[in-house]
Amino acid sequence: TEDLAAYCLMLADDALVGSQRLSEWATHAPELEEEVALANIALDLLGQARVLLARAGHLGAAERFRVAGRASEATGDGRAHDDEDVLAYFRDDRFFRNVTLAEIDLGDFAQTMAWMLVFSSWRLGLMTRLRGSADPVLAAVATKAVPELAYQREYAAGWVLRLGDGTELSHVRMQAGLDAVWPFVEEIFGAHAVETRLVEAGVAVDPAALRADVDADLEQVLPVATLTRPERPAVGLVGGRGGRDGVHTEALGPVLAVMQSLARAHPEATW
Amino acid sequence: TEDLAAYCLMLADDALVGSQRLSEWATHAPELEEEVALANIALDLLGQARVLLARAGHLGAAERFRVAGRASEATGDGRAHDDEDVLAYFRDDRFFRNVTLAEIDLGDFAQTMAWMLVFSSWRLGLMTRLRGSADPVLAAVATKAVPELAYQREYAAGWVLRLGDGTELSHVRMQAGLDAVWPFVEEIFGAHAVETRLVEAGVAVDPAALRADVDADLEQVLPVATLTRPERPAVGLVGGRGGRDGVHTEALGPVLAVMQSLARAHPEATW
Amino acid sequence: MAAEGRIEPRDWMPEGYRKTLVRQIAQHAHSEIIGMQPEGNWILRAPSLRRKAILLAKVQDEAGHGLYLYSATETLGVDRTELTEKLIDSRQKYSSIFNYPTLTFADIGVIGWLVDGAAICNQVPLCRSSYGPYARAMVRICKEESFHQRQGFELLMTLMAGTDAQRAMVQDAVDRWWWPSLMMFGPADGDSPNTQQSMAWRIKRHTNDELRQRFVDMTVPQAAALGVTLPDPALAWNDERQAHDFGEIDWAEFTAVVKGAGPCNAQRIAHRRAAHENGQWVRDAASAYAAKHADRSEEPAA
Amino acid sequence: MAAEGRIEPRDWMPEGYRKTLVRQIAQHAHSEIIGMQPEGNWILRAPSLRRKAILLAKVQDEAGHGLYLYSATETLGVDRTELTEKLIDSRQKYSSIFNYPTLTFADIGVIGWLVDGAAICNQVPLCRSSYGPYARAMVRICKEESFHQRQGFELLMTLMAGTDAQRAMVQDAVDRWWWPSLMMFGPADGDSPNTQQSMAWRIKRHTNDELRQRFVDMTVPQAAALGVTLPDPALAWNDERQAHDFGEIDWAEFTAVVKGAGPCNAQRIAHRRAAHENGQWVRDAASAYAAKHADRSEEPAA
């Protein structure tokens, strides 16, 4: 169950941090329709994160941070923090297990769409396979997530086409956005030891298997969008460790500092 | 002493928040000389803030927040947080007493220079007069601050001239920067009840008296810089309350969220 | 019109009626869009995931309301781009309430309770507006607004049942938002020149003071239920009038905010302008792509 | 040169010497400038005002070091703009160590202790460099660097005397920075083609492996004093060599980082490029103003 809890955290953190990043678009989107769509996608990811965090908490992951967050005894009246909030708000960035792709600055709209195409294509592949997980909760989460992610992928692909094959300016920006996201793509196909063990148990999905899904989507979209598949080196790991081990980019800390600020200012409060 | 402590906080918070904002330029400045100069100015303001916060703490201001910050009993080994850190890190934004001018987004370099010209001109006038304060500590702080602020004013004036009378683009940006800062200028000349009482006691400086200083500096710089004094309405107060009452703009919260994040994650730690 | 029938887009209508209607609907649309900002300010910092989801969904709903309302103006021949330009050039107004800052998370609750509450008082009668598309949009909007209002009230109930700091936060927010909420009903009837014409056209159905009184009477018992004090020493039940008396609004503040000198006017417009201008290249790309695509589909098959 | 004399800007020098020198000084200047980023990452979040002041001053010093060093290249006929362009186009390198991220505040202490410590080992001999302006810049820089190193060590001492979380933070930072610090001395002597020529020219005075060994021997007792474990099971005192044995560096990681595939290479260059490009209009304005001013002062008095 420790592995399973860790795996739930990985999948939850990808969604939680990605959702937080997408939420930065709120009130800044280029058009009202995009305002609605981006919020919708952020909400879908947030929903996925909440179920997975609750599951991780159920499996004991919250206990460790409940103390760290000083959110335990203070709520002796029974209104304890939900596990999801302990894990989201009282966990330091070094204990977040998302891939670094989930945390990068989404930059302009083109970069956001490049990010979303890769992220949703990858996660859709993952969730599609996870529907067959030996773990019934994960299978149920995945079943609910698949249509949400299919929508995200369609949305992103539509914009990558429009921007890539729109104006000269948008083409340049779309290619630049894709280039900027590219170094973070390689990491998402690497299997953490936890994943490898759970793959053997029939519980988890092998990330290496998702490369074909992402490649297929990119091959379908990029040429029509008149875009070139980037050739840029992947970001390196630090002593072999990456986001799944809690070794992140410098971007994550400030994102979480803001996200957690109010909850941490009132550790004994419920909201 | 409660008034004096509040007054120290006001002057400290102006410098602390302004310093934090200027520090955002670190590693982003347009030239290495500016990198050095902006850090220098941020350091001067930080130094002023530290002395004033320590004084406010001495006068009892820290006690209230020491509890709120949960930084009291935990440090029973005698290495209690310094007052300056309790006040800087464990005080919520609604208890910061800086004028809102100190907290606004400094935007681009032109806006930063417009901001600095007004801010340093105002604070220089204040500190120049405060050298004659009946309170010897404030008088000493002011004496040390005057040459620092004179440097800031010269630095800002130099850039306002160069940008205003530089290229067409820089002229437009400099005017826009000045326009953006303008709505926050009126507030700095308004006297808070605490200030009014301390002015009578010969301790504080009447902010209304500083308008002439700032006007004189602007009249000297703006025409030569080919800039126009903006005519834009001042930002309104909320039910008559502004920054000095802890009623800030929406900009302050996120700035402090980041600044305080690490200290608050380890309330029982010293650094 | 006096016969309470509905006017539809293709019907004849007096030019004055059309203009007033466009102005009113546009202001309402702008208010939804600008109103996203004070709430959006707390999405990234919402203190629980449940509250984050609620807030994100609410801000999303407001974007949706903006969309319906701009669509209603399009049925009157005025498109969204034109209206957005007017908004960011400060040639059209939006509800002045959104020129106040949200300083704590309790403000989110108070906006739901008081601001949405006042908006509903203003808007429910509009569901019977004489102009069909507007009336239908308002039915949907009012439904969602009252959902938001309940969520706001529920947040405040939670905070009032929480820590001392949370209760203080709520009272502080009420102190800041109460008077601006009363200002949402507009100038006193004696100072409201357009009211009579709008009522005759059934664009408006009650006077400002009538609606304001209704709001106060509705809110006082809710405040008591919450356990907060409304910041008005003159507030008291008047048995004779069977209504609450209340103090005088600071009309100088009201006028200043309407004229652009509120705490956040410049910030709100600058934010909206930046989003609009930064999005121009995206909208241009979408148009260019659509044009190319249209061209291609017109090409004869090879 | 072999006579240990100093070369000054106006002296004759071999072209290969000049080129090598420019490359070396430019790389050193770039390293100071890029090195501001990992530390700058924590200025806004420094957990006490004293630490904030120390960090801000340190980053400022690094900008100052960059300034001296670019001035030294200017005495060799190459200006700062040209070198900056080479940096942001990835045509010149900077110390690879700065391609690792600073993930906690303990990293600030460890950078002071290990990274500045390694830099000092590399740089102290350069104070006797054959090229005068470089040697003089290095004297000043080394003085400031050792001040920084002491500050870093002092921060770590404080953290190790603090809470469990703080101690864990330090160990974690040491685990991440130890091996990259050893890589700062460059490839093993057998794989370092330029060393012999540079030593002959007295631009370089010790081999990479010599300096690396000196650093390890110096650092091991410091680690013991701090109470941290260096993450190398092979690390042990060798009585025969009167030096520490240590494990094999991951040269594949070293090569990847040097070639641009480190954790932060793209980020560091993009950041520097953005600062440079966003500052262009400011530098242009300063030039335009200076030109106008020069023109005016040349005008005859009216």
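Letters A, B, C and D mark the chains as written, and numbering starts fresh at 1 in each.
Basically, contacts are C-beta pairs under 8 Å (C-beta built on N, C-alpha and C of every residue); 3 or more make two chains touch, one makes a residue touch a chain.
What you are looking at is a predicted structure, and each value in this text was computed from that prediction instead of being measured.
Looking at chain A and chain D, the chains that touch each of them are B. Contact with chain B and chain D alike is made by A. By count of C-beta pairs in contact, A-C exceeds the other of the chain pairs B-C and A-C. One simple way to say how far apart two chains are is to compare their mean CA positions; for chain C and chain D this gives 56 Å. Remark: chain B and chain C have CA centroids separated by 35 Å (rounded to whole angstrom). Chain geometry summary: the mean Cα position of chain A and that of chain B are 39 Å apart.
Inter-chain spacing, taken between the CA centroids of chain A and chain C, is 34 Å.
Counting only residues that touch two or more partner chains, chain C has 44-45, 165. The multi-chain contact residues of chain B, meaning those touching 2 or more other chains, are 254, 257-258, 261-262. Taken as a contact graph, with one node per protein chain and an edge wherever two chains touch, the assembly fits none of the named shapes, being neither a line, a ring, a star nor a complete graph.
The chain pairs satisfying the stated touch condition come to A-B, A-C, A-D, B-C, B-D. Residues 68, 93-94, 180, 183, 232-239, 247-250, 253-254, 257 of chain A are the ones that touch chain D when the two sit in their complex. Chain C contributes residues 38, 41, 44-45, 99-104, 165, 172, 175-176, 179, 250, 253, 256-257, 259-267, 270 to its touches with chain B in the complex.
In the complex of the two chains, the chain B residues touching chain D come out as 16, 20, 23-24, 26-36, 39-40, 42-43, 46-47, 49-50, 53, 82, 84-85, 88-89, 108-110, 161-163, 165-167, 169-170, 173, 258-259, 261-263, 266, 268-271. Of all residues in chain C, only 33, 36-37, 40, 43-53, 56-57, 59-60, 63-64, 66-67, 70, 80, 105, 155, 158-159, 162-163, 165-166, 271, 274-275, 278-286, 288-290, 292 touch chain A in the complex they form.
If you check the complex, the residues on chain A that touch chain B are 70, 92, 254, 257-258, 260-262, 264-265.
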